[in-house]
Structure formats: C-alpha cells, structure tokens
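Pasting the structures here.
Shared between the two complexes below is chain A, which pairs with chain B and chain C, respectively.
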Partner chain A sequence: MLSGTHKGGIFIPNPYPVKSIRLYQAALPDKVVLPLNERMTEKAIPCVSVGDRVLTGQLIADNEDINSVPIHATISGHVISIDEQPIPHKSGLNTQCITIESDGKDEWVEGNITNKDFLQSDPNSLIELIHRAGIVGMGGAGFPTHLKLGLAQNCNTLIVNGTECEPGIMCDDALMQNYPREIIRGVEIMLHICGAERAIIAVENDKPEAFNSLLLYNYNDKISIEYVPTKFTSGSEKMLIKGLLNIEIPSGGFAIDEGVICQNIATVKSIFDAVIEGKALVSRIVTVTGDGVSMPSNYEVRLGSSFEHIVSKSKPNNGNHSIRMGGMMMGIDVETTDLPIGKISNCIFVNNKVQKEAPKECIRCGTCNQVCPVELLPQQLYWYSKSENTDKAVEYNLLDCIECACCSYVCPSHIPLVNYYSFAKALHFKKIEEQRKTDIARERFEYREYRLERNKIERAEMMEAKKKAIKEKMAKEKSQKDKISAAIERVNKNKKNNIDA
Partner chain B sequence: MLDSVFIFSSLALLLGLILGYAAIKFKVSGNPLVEQIDAILPQTQCAQCDYPGCRPYAEAIASGEAQINQCPPGGQDGVDALADLLNIETMELNSEHGETKPKRVAVVDEEVCIGCTLCIQACPVDAFVGSTKVMTSVIADECTGCDLCLPVCPVDCIDMVEVKPTMRNFVPNISEVVNA
Partner chain C sequence: MHSNTLNTNQIMRQVIYSLVLGVGASFYFFGWGVLMQIVLGVVTALAAESAFLRLRNMPISPAISDGSAVLTAILLAVSIPSIAPWWVIVVGVSFAIIFGKQIYGGLGNNPFNPAMLGYAFLLISYPLQMTTWASDFLSFGVSIDTVFNLSSVDTLTGATKLDEVKTQISLGSKLIDIDLNSASQTLINIGFLVGGLYLLIRRIIFWQIPVAFISGVFLTATFLYLIDDKVYLSPHLHLMLGATMLGAFFIATDPVSSSTTPNGRLIYGFLIGLLVVIIRVFGGYPDGVAFAVLLMNIAVPLIDSYTKPRAFGK
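Up next, the complex of A and B:
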C-alpha cells in the first residue's frame, strides 16, 4: 500500500547509485575516540582513568543526569587519554573525549543481563536497561531513547522509521536487508514497552529488497510494513505521521500528543541488542559514498573509529575531497576524515572538491515556498534571518523549520537559505537565554535593595524599641528612688519626732 | 437651540465621566519610561555608569541627569537601542566608564578563600554563597560578571573566567553563514 504524501519536498534519485547494497564488517580500529556527549545529551563523567584496561562494552562514563546516557568502551584495550578532541559537529568546537588504544583482542565484558523473556518484564525495567545500554536516536538527532520511551507509555501507534529519505544514504537499507529478524523482535520489545496497539514499519518504495526481507520475518499481526514515497523529507517525523496516518501534528506539538511514537530503525536494532543480547551500543552501520570513492558501501563499524578507517576501505581516488557527515541535504561539512564516528553518524560523503557557486541576490522567484515541506515562507524567513530580526522570524514560524535544506537545494541564486535559518534559531535561543539571565539579575538586585532597606528599617525600629525600654526602666528606677527617699525622710522625721518627745 | 445645548452638554458630561473613570481604572503606576530603559539595560549591576545599579541609572537617564552612553556591558548596541527608545541621536560609548568585555563569570579559588564574606556583601545580585570562615562559592547561573567582588577580596582568590560557547548554545558567525 502506498500511503499519501505531504506537500512540498523534492524527488532526488540516489546520486551515487549502487547495483546492490553491500554491508561489510569493518576491521577493529587501532584506537577509538569516544565523546562524553553528543548532540542532544548532557556530558557524562568518566569513571575510568588514563592507563586503565577496559573491555568491550564496559561502562567508562556515566552521569546521574536524566538527559545523559552512559558511554561504553567499544573495543578492549587501554585508556590512553581523556582530553578535548574535535568531533563532527557544526560548531567545530572540541569536546571532552575518552581515547582507548586497542589490544586487538576485543574481549567483551561479562555478566550482562539479558531479557529474553521480555514480555514478562516490567516496561520500566526495560527502559532502564535501554538507558544503561547508552542508546540514543540513531537517525541523526540523537535524542536519548529512554526519555522518549518514558513519555510514550500508553500510546496507540508505533512508527518505525526505515525511510532514510536523504539521497545517497544506504545504512538503514543495509540494516533492514541484513538484520530483519532483529528488527522485528526489536519492534515487539518496543510494542511491549509502550503498550501500542500496532506498529508500522515505514520503508521507501525504492527499497523492495528491504521491504521483502522484513516481510519474510514478520509473523506478528500487530506489525505492518508499509511503503512511503521516495521523496525527500517524507522520513521526517511529522511528515511520516501525516503520510501514514493522515494526522497533522500542530506547530509546537509533539507526536506523542496524538498517541504516536516514532523510532528510527537503527535504534530498534540496538534495542534488540540491549534487551535480548545484553549488549551495550558499541557499533553502528555507516554509509560511505560520494563521487570521491569508487565503491560506495556500508560498514558495520565500532563507534569512535575515525572516518578515515572506513573511507580508506571504499577506494577513494587521489583528488582533493570535501567531506560531509550526515546526508547531502542536512549533513554538516567537516574539514578532515580524522574525526570519530558517533552514535548519530549515519553517512560520510566523500566528494571531489568543486568550486561552490557563489550566492547571488534573491530574485523573489518563490521556488523555495513551493518545496518547503512544512509550508513556511522561506523567503520571508530569509529576510528576517539576514537582518537578525529573530522576533519577526519566529512570528513567521521559524521554529517549525526542520532545516531540510530543500529551499537551499532549489534556490536558483544558490543562497544557503537553511544556514540562515539555523543561525537565526541559534540566535533566538541565545537571546531567550540572555533575557532569562537578565531577568534573574534584575530580580536578585531588586530583592537585595529591598532586603537592605528592610534591614535598615528593622535596625532603626530595634534601636527605637531599645531606647524606649531604657527610658522606661530609668523612669521606673526614678520612681522607686523617689519612694525610697520618701521612706527615708519619713523614718528620719519619725526619729526626730521621737527624740523631740 | 436649547435641544442642541442639552445634547452636547450631556454628551460632554458622559464622555468626561468615561475619561475620569478610565484615568482611575487604567492608571499607570510608576514611570513607564524608567521601566522601558531598565528593560534595555543589561542588568549587570556593575556600577560602571557611576550609579549603584541598572535601575538607578535608568532613573537617571529618564530624568535627563545621565547620558545614554555610560553602560559598557550593554555595548554600542545598547546605546543604539536606548537612543532608539528615547528618539534621540545615538552616540559613541563613553570609554571613560570602561570597555565592553565578553560575558564572564566569577570563580572562587577554593584553596585560597579564607571566608571573609566581603564578596558576599559586595555582590549586587547575591550570587555568592558562604559564611564566616567557610569557603565561599559562586552560583554561576546568577553571576553577572560585574567585577565588584574583585577589589574587596583580601586574598585575590576570585578569577573572572570568560564564558565559552558550548555545543548547545553555539551561534554561527553570520559571515560564515553567507559564504558556506
């Protein structure tokens, strides 16, 4: 069944097509670099120190913060450093990383808890297990999975997103063709956790092999597998829900408000590994593609391996390359291949360097308006973002922009529109944060002024009261003195009278 | 003739009553201009403007006593915003009051701190926590980076550390955005 589709979006065929999807097991890397936090998670705190020997799957960093996920060693060997290293992130900032040098043995940590009878387990204990395995959304956003599942109990529909709609990426296709049994079982685990009545696995209609292999293993009547059109952004959460269920999630709303939860298919596979096998998230499938490599393929690779580790296996040519992590639309450009593969790295583009077209003036053609899948007004947003007028841009629903880059792709003037939007968003959030801090400072200052004033008044009142008390005491003493002297006088008088008599 | 006099005088009376009621009902308390100026000021409370805080400075601007270019933390953008609000010509930031510095936060060297509590008294936003003869600590989220605690510290154990952007709150450079 081919479901409906959403407005906008663009059809882009795979720019680097392959005859068949190949999945290779990448060799063990010599060393891995594991960042303590990725895109959406809080920093974990290392619980090993330099020189320690660690085993594959061993916990090496943890944090009690609910927004953080534990980090595990992905190879066995020795910790050689804990320091700031570059990671693939659009900010280009370094972050704290643990570097492990391999001893080539790949010894796994023992004593893992498995939950093969997951139907007998309490959903909350399964969520805790998933948290302990360090699982985040592996489609690219990297939202901690345990948080999403924690919110999703008692929802009605589970959507498993197997539509890597970005042209060129093949890692989920490879996953579905090679691990269909694990995926179906993973979906069953998720159904048990969130108590949904049905699960839909969405697959793009240009992936019949993946569709059929899933179909072959699906004996669960709650799970259905459906085709969605091969169109860019049909794999975006809100678009997918609209396409499959015809439910529109309003601006600022979440899928869970409508009783729907979306999970990436690679996340489902790692949930299987965590629950059934008792293994932490230590590897993922990454696509290496682009016109700079002669053999675009997929690699199942240990997290923390360098890009170079698998790029070199894809027979790159000798030219100068521009490297991009993530999709060709939404990915980020990076300078070198000497960066670690993270939980959210799904694809590495290796392209021959070409001079980029210089941006020209906007000619107000309106093409961007037609392709915007969220039905925003990219042109208006462009003007406001350019002039840093974030209030106005937000009024025009800047925050609903999914940064899919369809507008940049079709722009005849080659304006990098989406870069303006991500800039404007970052600026908006910065302004809000600054405003919050300013408000705190104002409140604190005014309260301090009030407190000082109050102290002054209280002090004055206290002094006043003391003075009064002393005066009263003095007055009292005076009256007593008077009485005494009167008594003495009386006595003296009596004495005198007696003597006279 | 008498009709129209009657109509208009009763109309005037009615409108007058409405106006009078509105004046009481929607009375603006305080000086709204001071509030507006105060909203633009950065609330660092650093007193570099020669007034004891942002609100006193806002009051001074509103009364015409102070110039709008005496706030270094607000920077030139702040001066421009004030000029815009007051509908006057903008001016250069007066460098006599100090330079605009990047956002900073106080950090106490815990080894050196002797617990004299002088910084607690100096802090305009109560961002220090501590007591006599125990180590003092800074609530980083509430520190405005005003530097007022630096001169009072007898052992120089307070450092002003620049706040670096993190991956979460990083804002790309607009010129890089254009040429990307």
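Up next, the complex of A and C:
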C-alpha cells in the first residue's frame, strides 16, 4: 500500500535510468585517503605513524570524545603520509588525512568480536560495538549512529529510510536488491537496541524489485515494508515521518521527541556487518551517473578510494565535465575527481559542462510556493534575502528551509533561489554572532566604567580616611606637644621656683 | 539544474497564444481595427521599452525578448475600442510601459498591472474615444480611415451593452425595455474563457484568482439581482458582458501585481469580482475591471502579509 505524503515536493523521474540495477565490486584501490573528520567536527587522533603496516579493518585513528567516530584502515598496506588533503566538503577546506598505500593483499585484522546471538546482548554493549565500528548515518548527514541510538531507547517506531535521497541516485536500490537478508537482520538488531514495537522500511514505489527482495526475506511481523511516492523530498526525515505516520515533527523539534527514530538503510547494513560479522565500516555503495558517463552504475567501493577510481569504470566521454557529489539538487560541486570517497558519499554526478543561463527577473508567479515541502513562501524569502533583511526573512521561517532546491528547480526565471537562502542563513548567524560579541563588549565596557567609578569612589574614600587619620594624628600630636610643653613649662616653673627658693 | 517546464519567456508567449480565440472573436465582430490596435500597441511598447532601457543604461534585448511588453500592449489593445484613433493606443501603451512598469525598475517590480494603468489613464483622459465602439464588422479600408482619422464613420458606431444599460437605467428605464442580447460580447467572453482554461490546464496560471474572481462577480450580481431584478442585470449577463473573462483569466492573474499566497489569491480575486459589479452598477464608468484590479493591486502587500501559510511543523 502506498503511504501518504507531505505537501509540495516534485516528481522527477530518474534522469539517467538503467535497465538493471547491477552492483559492481570495485577493484581494490592502489591507495586510500581517509579523512580524520569527514564532518568537520571533533577530529580523531591517529594511532599509527608513517611507515606502519596496517590491516583492513584495523583502527588507525580514534578519540576519547564521545562525539567522534573511529577511523579504520580500508585496505591492508603501509601508511605513507598523515597530512592535509582536500576532501569533498562544502567548505572546500583541506583536512588532516591518513593515506595508505595498498599491498594488494587485503588482509583483514583478526580477533573482532562478533555477536551472532545479539538478542542476548545488552543494547548498550551493541551501541558501543557500533561506535567502535565507526558507523555514521550514510544518507548524507553523517551523524554518528551510536549517538542517535543512544537517544533512541524507549522509542516506539523505527523507520528505515530506503528512499533514495534524490533523483538519479540508485545506491540504496542496489543495496536492497543485493543485501535484503542483511538489511532485515540489521533492522532486527536495531529493534532490539531501541526497543521499538515496530519497524517500517520505506521504499519508493518505482522500485518494486527492491521491495520484493526485502519482502522475500522478511519473516518478522514487527517489520513492515511500505511504498512511499517517488517524490523528491519524500526521503527527508521529517517528510518521511509525515508521509508514513502522519506525524508532523514541530519546527526545531526532533523525531525522537515523538517516539520515532529514522535510520538510513545503508547504515542498517553496516550495523549488520559490525554486529554479526564483526567488521568495521570500510566500504559503501556509490552511484556514478550523469550525462557525462555512458554507463551509469553502482559500485561497492572501499572508503578512501578516489572518485576517479570508479568514475573511470563508468565510461566517461571525452568532454569537459562538472563533478558533483551527492544529488543533482542538494549535492555539492567539486573541482576534480581526485577526491576520496567518504562514508557519506552516496553519489557522484558527472555532467557535461554547459553554459549556465543567466537568471531573469522574478515575475512573482508563485510556482515556488507550490513545491516547497516545508510550505514556506520562497518568493518572499528571496526578496528579503536579496535585500539582506535577515530579520524579516527569519520571520518568514528562513531557518525552517531545508535547502532542498525544489524552488530553484521549478523557477521559470532560473533564479538560484536556494543560494540566496543559504547566504541569508549565514548572514543571520553572523549577525547573531556579532550581536553576541557587541553584547560582550558592551558588558565589558559597562563593567570597566563601573570599576573606574568604583575605584574613584574608593580612592576618594581612602583619601578622606587618610586625611582624617592625619588630622587625628596631628591633633593627637598637638595634644601630645601641648602636654610636653605643659610639662616642660611645669618643670621650668618648678626649676624657677626651686631657684627662687 | 532546472526543470524542463516553461521558462519566463515561454510563459509570456503561451499567454499571448491563448489570447487568439478572444482576439479572433473581436475581429469577427469589429473588423480590422482590432488587429490595427494590436500592431500599433506592440510597436509602441517595444519602442517605449527600448527607449527607456537605453535611458536606464540597461541591456535592451533580454528585456524586449521576454515578451512582457508585447503582452501588456496586446491586453491594452483588446480592451479599447477598435476604432479609437491611433494616438489613443500609442499614448496608452507608452504610459503603461513607462509609468506602469519601467519607472519601478522593469519586469517583476511594478505594483500595478501596467495594461490596466494605461487603460485607466486613457479612460479618464479621453472618455469619448474610449467608449465609442464599432457596431459592425469594419473592412480594412474603413478601419484604416477611422483609426487614422481620415474620415468619420458615425453611422457605424455605438456604445457597449453595459454602457447602454447604464445610461437607460439612469434615465429611468426598466431592464425589460432594453434589448439585452449581445452575441458579440458573449462570444468574445467565451473566447477569452476558453483561452483562460487552456492556461489553467497548462498550469501557467493558478485556479484561485479566476475562480474567486468569477465567484465574486456571480455572488455580488446574484445578490443585487435578488433585491431588484428590474434594475440590476442578471448574474449571467454580468459574466458575459464587458471585460469579465478577459479580466478573470488574463488581467487579474498577472503574477507580478497580484497576491502570491494561495489564500491571498482567493481574497484578491473575490474582491476584484465584487468591485467589478459594484463599479458597473453604482460607479460612473460602464465597466469596472480596470479600476477594480488597480484598487486591489494596492491591497496586495496587506493581503499577502495576512495570508502567510503555516509552515511545516509550526
């Protein structure tokens, strides 16, 4: 049965459809580049040094901080460098990476704990196991899974997100068709960990093969598999919950507040690998697609392999290409294919470079209103963002914008609307930060003024006290002198009297 | 990454194409003058737009090619009598383009519907030329003669049905004594209605404004008709006379100057419809579409700020 849906959104059929979703096992790369922090958060600290031999799945960087995620070697070989390297990130900044050169043997580290009988295990120990395996949300956000699961105890519904993030991406489809047994087991592990009463696996209704393969392996009546409409932004967490459960997560709220936890389907497969097989997260499925390749495909590839490693397998044409990581709507443009595949790299778009059409004036047609899944007024937000009136933009719920780019996509004047919103958001936070700084500066200034005033008063009081003391002293001295002189006088008088006598 | 749906230029072109039936009906009843007004209007619009863009040091060709000036000119040209002297349309279109659009910064920035601003300007300045209509199909030669003032064709002119009704009623007649049949007006309105439905199906305009506009006209007219059917026209005549359908589908739906929120569009459309009937019945002019639209253009910012939709999760 097809689930309900949220308002707005757009139906975009896969622009580069393939006849059958094959999953290619990419060859072992010659070297891998593994960033110490893919999300620009707390860095892991390397526990190997240049020249060390490492095995596949071996821990190579870690941090005691609960928010950080351990890093594992994804091939066996030697560490050849630990230095700053470019990674596919919005900021375009370089980050510290460990580079390993392959010895071609792919020897796995031994002695990993497996938990085939997970139902007997304590959920907390399983969460720790998942943490040690370096698992993060693989749909794109990369939020550490152990943190999410740690908050999820006592939730009632587990949603497993099997919808592709965006049109054109096929990696989850390939995963579901190739690993249905592992996914169902993974969902059972998660059900055990978070104690939920039921799990729903959401699959888009244009993927009957994936749906049927999951159905074939599902014997658990707590787990149901449901179709959701193949509409862009159906896969966004809050929209998916709205569609499946008709619960609207309040603005600023979290799914878990409503007793719901949402997990990407690739993450669930990694949880299976970690718990049942005892394997750390060392590979993922990546889609390579776009009009610049003649064979759009899915590859299971070791993390840290370069984009080029799998792009070259998809028969790219000899033109100038624009490369985009993630989807065509929300992905990020990168300059080269010489970048490492990370835990959140779900798709690489290789497109022929085209001349961009210059945007025209907004004719206020309101098509953007119709497609906004968050039901905002993109047009008003555009005016306020353009004029840098961030207060007004925030009043029009700028901060609720999920930057899905549906509005930019449908704009007849080809205005890159979503760019204006990201800019306005950044500006808003900058203004808040500046406001905070001025507040601090003002407080400091006021305190300084107060301190100076207080010093002045204190000094005056001190002077006053001193003066008084001197005066008293002088008065005392005077009386002393008087006494002395009186005594002298008395003595003199006595002397005189004596002489006279 | 953009959708394959229509871009701004294509939208303008589609609107122009969908005017064909209405314009065709006008041509059938009024003759060649209709097309002459359109040609004069379009030429003037392009000239005025280019001249003003040059003054503003702006690139000319992108603005000219977007089709918006042409659309404004055509809407104004079909609103005025086909036998109006040539300078009427020239003055009106120039005013519409310069004072209705360019002075605010060009396409997308004008608060008022430029065509209706031009129309109101003409109606106030040249009431006689603006209310004298051809009463029959005029041949090419005769049309040339009248439009360019070469000879007078008094015998072939008359007032519109709405104008006639207004005058007769004010003289104390009852509706029953007036011939209310007007095949020409009805057919022209149907022409614009069909064109408008095409725009709705293509999703170039949203349903809210036309539906609310027509409901506004219908309900207000019905209300008056129920009070006194001897003096007030029946709702179906209000819908089929004058510029009702042109207004509902082509004028009030101008995206730039109309309300942008879904509920705002309903309010905006309904109030225009209401004002159209009020102005027709109680106002000083025979038709009220232009003034109703302009009045509601003023109210758009207010309507929009009160009809903000609730955001997801708010």
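Convention: the second predicted complex is superposed on the first by the 424 of 501 C-alpha atoms of A that agree within 3 Å, B and C clash if a C-alpha of one lies under 4 Å from a C-alpha of the other, contacts with A are read in each partner's own complex, and residues count from 1 in each chain.
The working rule: contacts are C-beta pairs under 8 Å (C-beta built on N, C-alpha and C of every residue); 3 or more make two chains touch, one makes a residue touch a chain.
Please read all numbers here as calculations on a predicted model, not as lab measurements.
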For A:C411, is the partner it touches chain B (first), chain C (second), both, or none of the two (neither)?
-> second
Contacts of A:F143 with chain B and chain C, given as first, second, both or neither | neither
Please work out whether A:W108 is in contact with chain B alone, chain C alone, both, or neither, and reply first, second, both or neither.
-> neither
Superposed model, chain A: greater residue contact from chain B or chain C | C
If you stack the two complexes on chain A, which partner ends up touching A:F445: first (chain B), second (chain C), both, or neither?
-> first
Touching both chain B and chain C, residues of chain A = none
Note: in the complex, chain A contacts chain C through residues 6-7, 10, 12, 238, 242, 248-253, 328-329, 357-358, 360-366, 369-370, 373-377, 379-380, 396-397, 400, 405, 408-414
Per the touch rule above, chain C residues touching chain A in the complex are 1-3, 5-11, 62, 66, 68, 106-109, 206, 255-256, 258, 260-262, 265, 304, 308-314
In the complex, chain A touches chain B at residues 37, 39, 89-91, 93, 95, 333, 359, 388, 416, 419-420, 422-423, 426-427, 429-430, 433, 437-442, 444-449
Within their complex, chain B touches chain A through residues 38, 42-45, 53-55, 124-127, 141-142, 144, 165-167, 169-172, 174, 177-180
